[in-house]
Amino acid sequence: MTAQPPAILTMTGISKEFPGVRALDNVDFRLFPGEVHALMGENGAGKSTLIKVLTGVYGIDAGTVVLQDRPVNFHAPSQAQQAGVSTVYQEVNLCSNLSVAENIFLGRQPRRLGRIQWSVMNRRAAELLKRLELNIDVTRQLSTYSLAVQQLVAIARAIDIDAKVLILDEPTSSLDADEVAQLFRVMRQLKSEGVALLFVTHFLDQVYEISDRITVLRNGRLVGEYPTAELPQLELISLMIGKELADLEKLEEQPKRPISAVETGQPFIQAQGVARTGAVAPFDLSLHPGEVVGLAGLLGSGRTETARLFFGADRADQGQFLVDGAPVAIRGPMTAMSKAIAFCSENRRTEGLVGELTVRENIILALQAARGWTRPLSRKRQDELVDRYIRTLQIRPANPEAQVRNLSGGNQQKVLLARWLITEPRLLILDEPTRGIDVGAKAEIQKLVVELSDGGMAVLFISAELEEVLRLSHKIAVLRDRRVVTELVNDDTVDADRIMNAIASGAGRPADHLVAGPSDTDEVAA
Amino acid sequence: MSTAELTASRRTWRDWVPTKQLPVLVTLALFGLMYGVGVLQYRGFSDTQVFLNIFIDNGFLLVVAVGMTFVILTGGIDLSVGSVVALSTMVSSSLLTEKGWSPYLVMAVVLAIGSVLGFLMGCMIHYFDIQPFIVTLAGMFLARGLCYIISTDSIPINDKTWVAIADYKFRMGNYRLSVSAVVALVVLAIAVWILSYTKFGRNVYAVGGSEQSALLMGLPVSRTKIAVYTISGFCSALGGMLLTFYTLSGYGRGAIGLELDAIAAVVIGGTLLTGGSGYVLGTMVGVCVLGIIQTLITFQGNLSSWWTKIFIGVLLFAFIMLQRVIRLGRKT
Amino acid sequence: GDGEGGSGGGGADDGQIVLGFSQVGAESGWRTANTDSIKKSAEAAGIKLQFSDAQQKQENQIKAIRSFIQQKVDVIAFSPVVESGWDTVLKEAKDANIPVILTDRAVDSQDTSLYKTFLGSDFVKEGKLSGEWLVEQYKGKTDPVNIVELQGTTGSAPANDRKKGFADAIAAAPNLKVIASQTGDFTRAGGKQVMEAFLKAHKDIDVLFAHNDDMGLGALEAIEAAGKVPGKDIIIITIDAVKDGMQALADGKFNFIAECSPLLGPQLMDLVKKVHAGEAVEPRIVTEETTFTQEQAKAALPNRQY
Amino acid sequence: MSVTTVIRHRFFWPVLALVVLLVSNVFFTPDFFKLEVRDGHLYGSLIDILRNGAPLILVATGMTVVIATGGIDLSVGSVVAIVAGLACYYISKQPDQNAVSGVLTAVALGLGLALLLGLWNGVLVAGIGIQPIVATLILMVAGRGLAQLITGGQIITINSDPYDLIGAGYLFTVPFAILVALFVVFLAVLLTRRTALGMLIESVGGNAEASRLAGIRSRRITIMVYVFCAFCAGIAGLMVSSDVSSANGNDAGLWIELDAILAVVIGGTSLLGGRFSIAGTVLGALIIQTLTTTIYTTGIPPEVTLLFKALVVTIVCLLQSPAFRAKVFRGRRRPVAPPATPASEEPKVEVPA
């Protein structure tokens, strides 16, 4: 096509097979300097695999890679890095036992006379993060920060490496609009410096906002390469999903029941003055059967921590919960589950799945835990349940005996969701359930939430995508600085702007006594 | 607002106690407590030389434990250290006494043998993806077997240089430190420096934190992993040499079970066996704790053999419990 | 250490002799009996015993001896874990004017002034006595005699020495041949397992020589399970003469035992007193030991204390 | 089943190692595989291997589940010695050592104590949160002393026919010890695979935090596995003491923890926890016992024994390592490029056949 600058990276005829799965089949891919190239495809289409094959994480079965006119064959990510390819992989791959600054500079620490200069490193790390509008204590251990911060740190690390090619595999999956904007600003600047950017995301608006060119993969095969400007959104979706446009109409959203129809009778669960020192300030929140309550707030505002209290993942040290009007001490996940509460964590890799176990085992895990080890689910029953949810959520590969760790990121998320759905909870807490999920599946999940709530299930819904929260929730609790600042009934008057206003001018001051706890958080310049 | 201001304004008293170093500090405090008990309980315990003797008597253990710290920080383990220590005592003594080699050449050979063994184990662990426990267990059998091949008897060392080194004392007023104690402290200092001020040292922590992440971050994982086992092999060989300064002999059945002492010292010093967290200075405190337990028992002087073991167990238990209680107490 | 003079006699305030004793460990019944005997006789002799267990580690023994020196005991006695490497610490003891007595095993120091005396059994001799008895049994016969040997823990002194003594003795009779030799770690279980394997691998075993009674006792069970009669089909020679071993000998299951007595407490206390008083003592004192045949065992068994 | 499915089976290499070891014995002992009935019971080298391996099989089975939770139990050797000591001590104090009731009480006492010791380990690990290796190191050291305390550092010899049955007796011509080991292994398999326990253990070992958030009572499970492990070690203790009709506090079970861990790993269970295989462990234990027996029968001198052991362990582990097989058997397909100049590499295109 445009033959003006020669491609910096050309991949031809790439194939990659895992035992039982053909992840890539004769895929071609080109990347030009000074462009943002979006790699699109459904969950499991092979996007991450293509990236890993390129950077030497996996060996290539067949095909050639040419970087700057020279054929390359990397055997380790370090080689790719040295050749000028810098990568942010899909799951956050940092060392959470080290400080933020170290994570950014590992392997490239500023040194004098062979001695690492810690103060220089910390200063530069802070400066670098400020470029992404992140003001945090960089000497703190990375694990004390939320996933979103970790994602930003990974990005900071990648962009600081002086690279000719920058690969970002779903960097925005846990980021809020603000952070995304910052990231895009940085990406544009790099682009203007002639860096070639490869960008993977499931957010279509982001694709159209930033990318110049799109390559679509489906089932490990190349569908085609298109200039973004010439590819309408719906057509892109149909290319990814491989269905006709007409079929997509089904994914259109359904009308939501009005709140008056939901908030009747006794709430299923009520939080009264619940709080946890150093984590969340006292708050009240109630959920009725069939009600979807969204939590909105900026990154690190305490949505996750609030949700964890409902499940007993962390124990509340103030206030009380009423379930069906009766006080209940939620001491741990077991008590919560006995009250039919389910919690789908945002951090699927460390808090959700057991990578070594199979899809089937991961799905039945919570149900089995609730029954106790002496009453195993019969194999027949397991297969029934698992098959049903593999079909409903379109988990791929549709093999219940596949190891979960080998699934693509989005499919892992679906497995986690399935685990909680089969427990048939009365309250389902979904923390970023659509993180890393493709458009088709996302619509399915949203539809599912609506169906479930219609069926009488209460849902506590957290998402970095405000639109999603708005679309699904009957009521939205707005958080700021780990304090519930206001509660909005989601009627026609409420839109993204109003919520942003609520966040910005939120009623409460920052809770000073909270911010410096041991599980301290980042700050976001508002 | 600058970051510095931001963070400064948010500091509370908690921040003044360094969270990361806490396990080491707690261990140190408990060591002080035990020392105090010894001073109150036994005559002559307060003599500073008793304290220095801990280093003189355990110099070799300290060196071995320092090597072990590197390995454990990467999430591995090295069971071969005890046997490699024994092997180096055998190699030194047989080369010196039976072959009459020059002592400096012997030192070089011994250190080389240890490092090569460590290097080979590291390669097996990394390239063939075999669990460290098993590879080093095989290494343990191998080194011990080599000892017996050299001789099943103990071999004395009469070499002049060796004896001179063994007898040399650094004096500070009334107090003495042996060469091996000083060597051990130097090794410790070097290890502290490597682990906190070199790229390699930080890579050790990164690999221990998450090997996969380290790999994806483009760190030289293979080099790091192989290097830590080489270091451990080197330290074991050096430890074996220090042991020969202590005993002036080589014995194939020496240092049996030393690997457990070394691991215990590392872990008591606050390092996590899962890797990625800990300090080599903690290891020193761990060695001191083991040393003081031994000293207490010697001063006690009338424990029967089995009560000695039970007493060691009870002290270990008390120690670890206190460590836990103090740390938990801070968390909430 | 600084302080008052530091010559012998300053240990206990009441003029009681203080003996620092560093034991190898508690690795076997023999060793424990040894410890027991020393503790009991110290008490009987009115000697204050500072006991320390080295858990089979030379380092610990050196530490213990150093600590004895620091505590200014009157006499130091110890059973060395190994032969070599004692010069330094023994010199320290000598400088501090504390006499040293070796028990159970010798050290290989060139400078014999470092210790007053060595009280103990002679492992080589035990092996030799066993071998000589066997040679005697087959005197005048030329048929090949197949011997299997159960060794003690590899690298331990009794195993090395007994093996050597035995080999030296049977070298006199060319028809006696050790066809298999394996370690049974001085334990019954070890003896049993190894003997089982020997019985399968070698069809014509005439003699079993075990480095201690326990391995012999274990081997007994293996031999019986194989349908052979111990003491008849296979001649059994062992060392130690513990009660169970003597019983087997008296029952005709063993054929010969060379004694290795752990009960050297009384002798040791005598020596301690003499050494403390500055009397001259023999540099080498062999413990009173003997050998037993089946007949002798029957006679000796009733008053066997260990 | 095709040849490739056989070769691909995860037990292929360990089984091959076992077979090679067994067969190599034939060169030294021609009738190595011969089984005969002597004095009304089975007799032969294979039976010896099974019977002598029974304690190791037991301990390794217990160790497997502990390792599956990501833990380790160093104290099993001491538990073996304590239980052996206690049972024999009790029997030795009985007026009639042959009384079945006395023996049963001794067995119950021993196993009861084993359960308590396991509980102790479990509470230290799961309740107090001490690292398993240290928690069990405490009992490893102190327990050995305890065993010696019970036996007075001496060997307690007993003459009890009912007690002898456990380790040295026969039932239906088969050594009783083999039956006991089989039964416990069967029980373990049943408990872990017929209930959900196995999966929950693997989940805890695979990802402890995720398991907690899935509502698994990981604490309880962890305590349970340590109790089970000590129980297995306890039975092994009864077995070894009964085998030689005596208890030896100093030597019983010495270093058995290393052999057990080795067996577990040879059997394909990762020391990091997660997936476990009891069948694999039994296989591993048999390999180790066969190795020991082979050393005895082939007349390898004791000084070389350890070298030989190192060699075999290395070979077995190498064969088991997929990375090794990939690198060595199929040749290396991708030459390793020097990291600094990756771009100068010629592209290597391989098309899988």
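Labels A, B, C and D are assigned to the chains in the order they are written; within every chain, residues are numbered from 1.
Here is the rule we use: a residue touches a chain if its C-beta (ideal position, glycine included) is under 8 Å from a C-beta of that chain, and two chains touch if they have at least 3 such contacts.
This one's a predicted model, so the numbers in the text were calculated from it and none came from an experiment.
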Graph distance between subunit A and subunit B, where chains that touch are linked: 1
Pair joined by more contacting C-beta pairs (A-D or C-D): A-D
Distance from subunit D to subunit A - Cα centre to Cα centre, in angstrom: 43
Distance from subunit D to subunit C - Cα centre to Cα centre, in angstrom: 34
Distance from subunit C to subunit A - Cα centre to Cα centre, in angstrom: 71
Separation of subunit B from subunit D, taking each centre as the mean of its C-alpha atoms, in whole Å: 29
Set of subunit D residues in contact with two or more other chains: 148, 153, 302-303, 305, 339
Subunit B, residues touching no fewer than two other chains: 148, 152, 220, 304-306, 308-309
Sites on subunit A at which at least two other chains make contact: 76, 78, 80, 82
Pairs of chains, among all present, that meet the touch criterion: A-B, A-D, B-C, B-D, C-D
Complex interface listing, subunit D residues touching subunit B: 74, 128-131, 133-135, 137-149, 153, 249, 258, 261-262, 265-266, 270-271, 302-310, 313-314, 317-318, 320-324, 327, 339
Subunit D-touching residues of subunit B, taken from the complex the two chains share: 124, 127-131, 133-135, 137-139, 141-142, 144-146, 148-149, 152, 220, 260, 263-264, 267-268, 272-273, 304-314, 316-317, 320-321, 324
Complex contacts: residues of subunit D adjacent to subunit A: 194-197, 199-200, 202-203, 206-207, 209-217, 221, 274-275, 333-334, 336-337, 339-340, 342-352
Subunit D contact footprint on subunit A (complex, rising order): 17, 59, 61-68, 70-76, 78-80, 82-83, 311, 313, 332-334, 336-337, 343, 345, 350-357, 361, 365-366, 368-377, 419
Of all residues in subunit A, those that touch subunit B in their complex: 57, 76-78, 80-82, 87, 89, 93-98, 102, 106-107, 109, 111, 114-116, 126, 130, 135-138, 141, 157, 515-516, 518, 520, 523
